[in-house]
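Once you scroll down, you'll see the structures, which are given as structure tokens.
Each of the next two complexes has chain A plus one more chain, namely chain B in the first and chain C in the second.
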Partner chain A sequence: MALVVWGFTGLPDFGHYKGDYGRLLAKVAVPERKATDVVVSTTFDYRGFDTLGEEMILFTAVLGLVVLLRELRGEQEEEEEADDNKEGEAGREHRTSDALRIFGLGLVGPTVLLGVYIVTHGTLTPGGGFQGGVILATALLIVYLAGRYAAMRKVSPIPLLEAGEASGATAFALFGLGGLIIAGVYMKNFIDPGTKGSLLSGGFIPLLNIAVGLEVAGAFSLAFQEFLDQTILLRSPGGGE
Partner chain B sequence: MSFLPYAVAAWLFGIGIYGVATSRNLIHLVVCLTVVQSGTYVLLLAIGYVGAGKAPIFADIPSNSTVVDPVVQTLTLTDVVVEATVVALLLALAMQAHKRFGTLNPDDLGAMRS
Partner chain C sequence: MIEAFQIVALVLVAASGTAVVLVRDPLRQAVVVSFYGSLLAGLFFAFQAPDVALSQIVIGSVGVPLMLLMTIAKIRKREGGREGDE
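Take a look at the complex of A and B:
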């Protein structure tokens, strides 16, 4: 407790932060990269290498989650085959009303549009690949809420999600490699930044945003599906309430 | 009241740790961990605040205006992503534990293993 108090007394006064690095970035980022969202240009360009590591954390965590839950599925699917009426029960439980279905399916389009907008406009306004990717993943959850679980499985096969996640992560690393080949430094922005305020400004920042958006959307959709698999398809006779 | 944001961060951290220590349910424990991490977001953003600063997004403000530190905001974004992955992984582990031991109480888990 005393340690915490002692630590807090060393902090700068609220509102009087004097970080040279941050002030420098706020000053040079717009002229240098033509991207108006300095947070995004810091994330994807100046600290791009850290973001690569961050992406790998997400990638490996979802990988670990899939591995953990897959072992479980193997165990339980055998039990499920033993009594067939269990699945019929689960199917009935998740039938929704027509009104909810129409409302939900109407929401899917705008949600996907919003996600794509947030991803592509990350260089200009608040947003970016991480935020937009999560919004895209929620579109899948709306399909689940509005329709049936089977419909959700149909629009998003797991191999497709895995491919999206992996290609997003790979693309990010390859853009870094492109910096190494073209500009001589790993993760260096090697595309002409363009004009300030246009959609394609910021050099490779919008492309990295799309890569990250793809990866995050894939990763979170995969995580949602794995958890839903556990609760719906594989309701075990012993553990289910 | 310049210490208030730091006080909020410390309080979130403390109450979260208290929750983790006294939790009797693994899901509850994971949620308490997210409270601890919320404390770190508040702390990071409070450190980077510059008096009367705006968000560091120059889409519609003059390029020489005072803005808050973009670096800590980036760090907070990293923090959020890490938290999301940690929570997903811990929930998967909690499910595994429930499957193996039939309970989510950490105390019972220990008793059954020994």
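Take a look at the complex of A and C:
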């Protein structure tokens, strides 16, 4: 306890940031990379290698989740497969009110648009691949909330999500390799940064954003879907329901 | 340096964080933690971190509570199957 208090006394005052790296980036980032969102140019360019690592963490985490839950599913789903077709969509769908359904379906379009906007405008305004990606994943959840579990399975088949996730992660790593080949340094920005304030400014940062957006949207949708599968499709063994 | 908006955000986050701990029923806790997550996003925004706030909105107010809810649903289903009605 005393140690914590002692530690707190050594902290800088509120609003007094002590870090040369941050100060330097704040000055240098916009003229150098022409991207107006310094946070994004930091995470995707100056510190791109860290982001690659984070990307891989998310990728392996979701991979582990899917593998782990799939094993559970394999045991139980075989027995259910027979009556799975009979019950079909009507049996499994929740009964939701019309208001919720209309409201939910009306929200899907704007949510997807917002997600795509956040991904593509990462270099200009706050946002970027990760933020946009999770927004895209929630669009899928809204489809489910609107009471269309079957519809959700249709618009997001698991192979497609897996492909999206994997290709996003691979694209990120490949852009890093591109830096190695073209500019001689891994993860170096090898595309002309363009003009400040335009949509395609920042060199390869927008492209990386799209790659990350794909990866994150795929990963989170996959995770959500696995969780939903666990709770909705699988009945407890020997359970009454 | 500290603005009124930031103080309000800090107080709200502190209050709702306490509320999360005080609510003992996991189901209600999932809802309260969602509320807490969105307030935390406001806090990040107040402290000039809109990038973090954006991801916090989705993860904190949708992602985490959703996983909590589904886990609770799964557990209840299993318990209900074993012991009749819970």
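Couple of notes before you dig in:
Heads up, the rule we're going with is that the second predicted complex is superposed on the first by the 220 of 241 C-alpha atoms of A that agree within 3 Å, B and C clash if a C-alpha of one lies under 4 Å from a C-alpha of the other, contacts with A are read in each partner's own complex, and residues count from 1 in each chain.
Just so it is clear, contacts are C-beta pairs under 8 Å (C-beta built on N, C-alpha and C of every residue); 3 or more make two chains touch, one makes a residue touch a chain.
On a predicted model such as this, the values are computed, not experimentally measured, just so you know.
Look at A:R47: by the touch rule set out above, it reaches chain B but stays clear of chain C.
Once the two complexes are overlaid on the shared chain, A:G19 sits against chain B while remaining clear of chain C. Looking at the shared chain after the overlay, A:L11 reaches chain B, while chain C stays out of its contact range. In the superposition on chain A, contact of A:F227 is made with both chain B and chain C.
When the two structures are aligned on the shared chain, A:I118 is found in touch with chain C, with no touch to chain B.
In the superposed three-chain model, the partner touching more residues of chain A is B, compared with the other of chain B and chain C. Legend: residue contacts after superposition of the two complexes on their common chain; A:T36 is shown touching chain B, with no touch to chain C.
In the superposition on chain A, A:F130 makes contact with both chain B and chain C.
Counting contacts by the rule stated earlier, residues 14-15, 37, 39, 126, 128, 130, 220, 227, 230, 236, 238-239 of chain A appear in both its interface with chain B and its interface with chain C.
Contacts from chain C toward chain A in the complex involve residues 1-2, 50-51, 53-55, 58-59, 62-63, 66-67, 70-71, 73-74, 77-78, 80-82, 84. For chain A in complex with chain C, the residues that touch the partner chain are 14-15, 37, 39-40, 118, 126-128, 130-131, 134-135, 137-138, 141, 220, 224, 227-228, 230-231, 235-241. Every residue of chain A that touches chain B in the complex is listed here, in rising order: 4, 8, 11-17, 19, 21-23, 25-26, 29-31, 36-39, 42-43, 47, 50-51, 54, 57-58, 61-62, 64-65, 68-69, 71-72, 75-76, 124-126, 128, 130, 197, 220, 223, 226-227, 230, 236, 238-239.
Against chain A, in their complex, chain B makes its touches with residues 2-6, 10, 13-14, 46-52, 55-59, 63, 67-74, 77-78, 80-82, 84-86, 88-89, 91-93, 95-96, 98-99, 102.
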